Every structure is written in structure tokens, then in C-alpha cells.
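By letter and in written order, the chains are A, B, C and D; residue numbering begins at 1 in each of them.
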């Protein structure tokens, strides 16, 4: 019997080790797995590298993870959003390493890690400071930069509905990075607004098949 | 006003040039855009390279394209299926060039072409005859083969429902290669069983967004 | 003195340059305003990097939905025919050449088409690039909208830019508060100038060598309010209480 | 004489080696029969390369659906909790290490774990590889099922294979009609032998050096019919008439 359900956020994030690479879904606050991040922060893990698009907003979710001193490094495209005060404070005081990656390159590097692709050649960032130190190569007269895959130890994602096999569907633009991060880690943990009976999700419309998901927890949708 | 609808199969395949690279969806007969292939065969185009999983079955669809002498080369993973007599005849008489590619490598090469990726490194086929002549490279102690993107001039796909913006949904396992091929070409032509009003397809459940599709034609579902 | 276009007027002009049937991405900042001015007789499909095709702005009276935002985290709605997808598919669209246009802001545009719009060398804060580097090489044409000159009068269209680049050789056309300038293999061609400004004056305010198109026109837009017409970004609510687990089965 | 296992019995044995909760791909041919014998008390999720998770075989009386087939183009059904996806996502699952097991057929397995199962050097027809090369390096464990010896008696488990390879160093375990053999860094270990066959006889029928596990067991299965129990592949219907366009609006 496959049953990936967990009783609460704390149980859902159990066992995450210091020093893990943690992929986190969301785009700004939309689709941010805030409660899972907060539960992880409460466990006082240390030395995390987080891979996500923005660097949190306010003193909760990703912001709380950073505030609690859990994060050594953040890999993201756009750390500054309204309310990203914790990030700015840590960054400016040199307490947080930052790797800026173009947004599509984050998505593609994580997908590559999920797909068994070690590296790929993209035009993005060629000729810019973000390509410095990276291998460049010409194909058919065009210049490309080689990017390496990112593989997470853990992914924290948010979805709308899930079932006990870990199948997930999203709601509107909360989808964003969540299905990508969900594919990209050894241990994928999803918070959902509702866990439904197995078979209630239409197999045509499942966005994240359960094969990618290890734990599902139903939490109040606190954002809306 | 965006209106990608076409009146019939012949109109849908108008303007396809000799020598085109044509991506064709389907897995065996399931999801094969048979009527579009037959309409293309009737136009007696010449010198096509087709990229598809199987090499057709019977004397219709992909089989008819080959029988009519339209195809110079086929790139596929598994040419032999029940009824692939036309392929076998042409191949054995040396009238058809064959490039065998692992199934996932076809999908990934076409996706790479769709995603602006020139090449990528995969484990698949490393150490086998299909990797001969390909660049190999070691990442983190594992051996990979470099595969180049495939970009189609034309894609022929089959879907279940479509709308005038070219959005597509599929039915069960007819999905297979169709959404991948649909992303992969300059000119993507979809045959559907039903064209519905704009807005009738749920935006959460659209599998191929219309941005990838240039023409949609409603044809009888002749297979079922 | 000649009246410069305000941001809404520049956005209006950009919107009217985009043909019916186009797929268009709007960069964060000033370009997001373009969605407000699309002519009614055109089907333009706006792409938002966070996974939307077919977005439109809120109509008066429509409530913002925190689960439906654009690349600037501002609330939007969907047109019939729109679709949702995830970030890897969204950037496949961007990077694979599926968009007809992207509209981006700029710090500087060089006459060779180089664009700098993500970072100033003297910035103190953390850098942030978002999707700009993906868009510059991905969309078929890059339209830039910006003020012609910075607050201290320095031109934004320059012979060569020393700023950190977003992309090389990528800009197709620049829409400013005083002109519309096309960048061609043959140099920077002025297509439109606002009423009351001479070509020489425009050239004086520009860092790159310009040529006036034979068929140049006056740059004319309706008078539009100065105020931003796009809804504000969604803001975080007060810190939420510590999350309470809920029985997964209940 | 010792009764060798038939294909259904080998499939039964493979099925009973797969733990509850596994994600499993079944290769075309003999491995497809494994789906028929999964113990009722386990949730096993079968993956089909053509874009299915959670497939099951038809039950007696269920009609085949030409739009719902497995990797062998045979009609299947879906379990509650199953999902459809496209080929790029399907092979992302395969190649990215998301499957626990793949069950594959073999021409030869070498003691270093090399597998040859896609092409014989003297084949006259066109080659065909399908998804085998994707699976060998993708799934966490590769289970092979095959007859122990070919019709002319040649062993399929060999010291070294000269056949065109499907993958190197990839096989975890081999299930044949006479034995279950685990391939370890320490060589080929015999876990089970059918009743009535000695280790020496097994060794004689094998091209690679074997070692008998201390805790080896008899290879026992229920008696199962020889006939194939998996529905036949969907066949093409008669050639259809030339396609007739239908009014797209009507």
C-alpha cells in the first residue's frame, strides 16, 4: 500500500539533514510552500543551499528559513521582492552566499537534473558577466554556454490538491516552479490544500505524477 | 483575430516543401496523425526526412508517405511493428535511409530543439554501437554521450480536442509523442476529433498551448 | 517646451506596433503597462514567464487573486483561450524562439544591439536578473522601452555600452519618450520623433549615430494619465502564525 | 527430467521479487507478462514508456481501447491514481532515475553486468532499439528475464558478450527458467535453482562462473499455463479510405 500522506508539516519535513540542497517552489509568494519552510526553520537545520526564484518576503517561509540561520547559500534569479528584508540584511552583512542564475536556466538546470542530463548548451547569458568562467561553444555558428544540472536532496513544493500516491494538481499561477522542483530532488515534500481520494484526480490532468513525490501533507491554505 | 482552423486535411498540409524535416507524433497507431500523413502523401512531396517513433503500419498514414516515395530518411527508435511492410520493403531494397535513435533520445533531442538547447549530455547509449562517432564526456565520474537537438520544419500531430488558438488536449495514451513533436517545428499542424469554442478547454488542463500550433483541422477519428 | 511622452504613452505606442496574432512577453517594470493599451481589434496573446499565456489586466471592480499574478507579481486575469504551464515549459517557450516579441526596459542600448538592463556597476544591493537574459536571445524580436535620457541627461542609446550586459546584438527597436528608433544592420534609423523636436536635437540627446528614415513620421499618441494603470504587486500579509498541522485524513 | 519454468512462471517469480510501493517499467516482449502476477497485497505502479503510470491489464470481458495501449501496443487499463503524460516527461522519469525497477529481456548478460538485448549481429532486418537503452542506465535496478539457454543450448549468461550492447554494467538480477542469479560486484551469485537441478548442472548450462549463495533456495512457482495471458497487440484495421476533410466550423 502506497501512502505518502503525513499528519502535519513537522512530520512532513522530518529527517532533512544539515547541508542539504533544498529546491523550493513558488514565484514570489504565489505557490511558495511557506508552511513547509517554516516547519523546516523550526527544526533549526544548518548549512542549507536553497534553490528558488526569489529570496522570500517577510519573516515567514523562505524568509524565516534565512532568519533562523538555516541557509548558507541561495541560488536564485531575483532575490529582491517587496519585503525581502531578511535576505538583504544577511546578504549585505556577508552572511549569505548568492549565486544569481537566469530564471530559465534555473528551471532548465533542475529539469536536467531530473532527466539524467549532466549538462546542456544554452544561448542564455552568453556574452554576459553571468557566463564568466563557464564553458562556451559554437554550434551552427551560434554561441552557447554550457550549464550543469542541479539535483536537489530535498524539494519543498506547494500544490492545490494531492492524493495518497503523491499525484498533484495546482491552481492557476501557483504552478510556476513547483512541478519543476518536484521532479528535481531525492526527497520531494508537497503541501496541499486538500488531499483527495485516490482516483479523484483525473489522470489526464495530473500535473505532477506521484512518482516524483515522497510525502504529501494537507495544510490550511494560509495565503489566500 | 487568431484563427488557426483549416477546412480540411489538404488545406492543413498546404505549402510543405520538398526536403523538409517532418516530425510525426504517435506511438504505433495510437495517436498517429494518419489523415494528415495521407494528405501530405497525396501532394507528392519528395525528399522528406521524417522523425517519429515507428515506421508506420499498413498502407496509410506514415506507411503511405513512404509508399508514395515521399521519404528519403527516417529517424526512429523502433521501425518494426505489426504491418510495417512498406518500411521493410524500402529499407531492404536500400531506398530508405534509417537512423536508429533510442526512444528517449528522440524525445529529448526534439525537446532540446524546442527549448533553444543546442546539445546535451545523456547516459543513454554510452558504450553501445549507437554512441559510435558521438562525443563522450565524463561528469562526476559518470560517462555521457553528447546528443544534438533536432528541429523540425514541420510537425504533424494528432490530438483529441483543439480550439481556434491552437490549444490542444489529448485522450489517454494518444498523447505520447504528440505534445513533444508539436513544440519542435517551425510549422505545427494538428488534426483533432473536435474543434471547440475558445474558452471551452480548461486553462489548467491544456497540454499543448496554442503558441506551439499553427494550424488545426477537425477530421473524423477514423481509427477508433 | 516639447512635451515628452509619459510611460503610459510610450506603452501605448509600443502596443500599437505589435501586429494581430502575436505572442508577446512583457518584462517586469515599465513594459507591464503595454497590456493596458492593446487595440481591441487585435488578438495579442501575452505570455507571462511565471506560466501564463493569454493574460489580461484586471477590469475595474475585479478583485485581485493571489494565485493569479504576472511576472511582476501583480494580479491579472486570463482571456478565454489562455493556458497555465510550469516554469520549465514557460522558459522553453521563451528560449526556444516561440515568442514573437519581448518588451524590455533598458539602462543602455548600444548601436550594435547590445542591451544592458539588469545591473548598474555601482549598485550596492544584491544583483537580480530574473528572466531578462532568457528573453533577449529567445524572443524573435526585442522591443525596448525606456526614457531617452536618464535623470542627469545621459543618453540611454549609446555607441557602446560598458554596463554589465544582458545580451549582445539583440535589440530590434527602441521606444522612448521622444522617438522610435529601429536598430538595423545598417545602424540606428529614426522612424518617429515627437512633435516639436528636430532631428538634430534628437541626435544631440543620443549617444549613438542616428539616421532619419526617409519615411519618418511624427510620434503621436493620445494624451494619457501619468499615473500607473497596472494594479500594484501583491504584498505579503502580516506574518502568519506558526503552521498548524492538519490531520491528513480529516 | 526437470521441469523448466514457462514464461508465465518466470514472470510470476519476477513479480514476487518486487516490493510493495515500487515504480516499475516492463520492457516489450516477455516482461510485459509480469503485470499479470502482481500479488494483491502490494501497490506496484507500472510505468509504460508511452506515457502511463498505474497501468493494469484488461480484466476478462473488458473491451480493448485503441487509445489506451502499453509499450507493446497492447490494450491496457489504468488503476485509480494513474496518470498520463507525454514522451519527454515519460523518458525524464526513465532517464532521471525515478523508476525503481525495469524488467527487460536479454540475448546475453555478461558477468560484468553488460546487457545485449536489442540486436543480433546476423540480423537481416532493420535494427530497432525502442526504449531499452534509456532504461538500462535509468532505472535503479535492472531485472532481466529470459530463458537460461537458447534453442541450440547456448548459455545466455556469459563471461563476456560480443553482441552489440544495450548498456554496460547495468544488470542487477537475472530470472531464468531454471534459476535466479544475482549479479554483484563479487560475481554471479545463485539465489534459487529449480527443483531437481544440481548446482553443477546449472553451472554447466551457464557461460559465466557462478557461486551458490549460502542461503540459496529452491525456485518454486505455482503451475501456470503456457499460453500468453497478456492481450495481443492492437492490429491495424483495413486501409481506411482517403481522408475526407470536414468543415472545421461545422
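Rule of thumb we're sticking to: a residue touches a chain if its C-beta (ideal position, glycine included) is under 8 Å from a C-beta of that chain, and two chains touch if they have at least 3 such contacts.
Since the model is a prediction, treat every value here as computed from it, not as a measurement.
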Chains in simultaneous contact with chain B and chain C:
A
At the largest C-alpha centroid distance from chain D we find chain C
Express in whole angstrom the distance between the two chain centres, defined as the mean CA positions of chain B and chain D.
27
Indicate the whole-number Å distance between the mean C-alpha point of chain A and the mean C-alpha point of chain D.
35
Gap in Å, rounded to a whole number, between the CA centres of chain D and chain C:
54
Sequence positions of chain A contacting 2 or more other chains:
108, 111, 115-117, 122-124, 170-172, 204
Which residues belonging to chain D are in contact with no fewer than two other chains?
78, 84-85, 91, 95, 137-138
Among line, ring, star, complete and other, which best matches the way these chains touch?
other
Give the pairs of chains that touch; include all such pairs.
A-B, A-C, A-D, B-C, B-D
In their shared complex, at which residues does chain A touch chain D?
1-2, 111, 113-117, 163-165, 167, 183, 198-199, 203-204, 206, 209-212
Considering only the defined contacts, which chain B positions touch chain D in the complex?
5-11, 27-31, 34-35, 38-39, 42, 53, 55, 57-60, 77-83, 87-88, 91-92, 98, 100-108, 110-111, 122-130, 170-180, 195, 207, 216-220, 222-224
How about chain D: which of its residues touch chain B in the complex?
48-52, 65-69, 73, 78, 84-88, 90-91, 94-95, 119, 124-134, 137-138, 164-168, 233-237, 239-240, 242-249
Within their complex, chain D touches chain A through residues 20-21, 23, 42-43, 45, 47, 53-54, 78, 80-85, 91-93, 95-99, 137-138
Quick one: in the complex, what on chain B touches chain A?
108, 112, 115-124, 137, 139-140, 142, 144, 148, 169-172, 202, 204-205
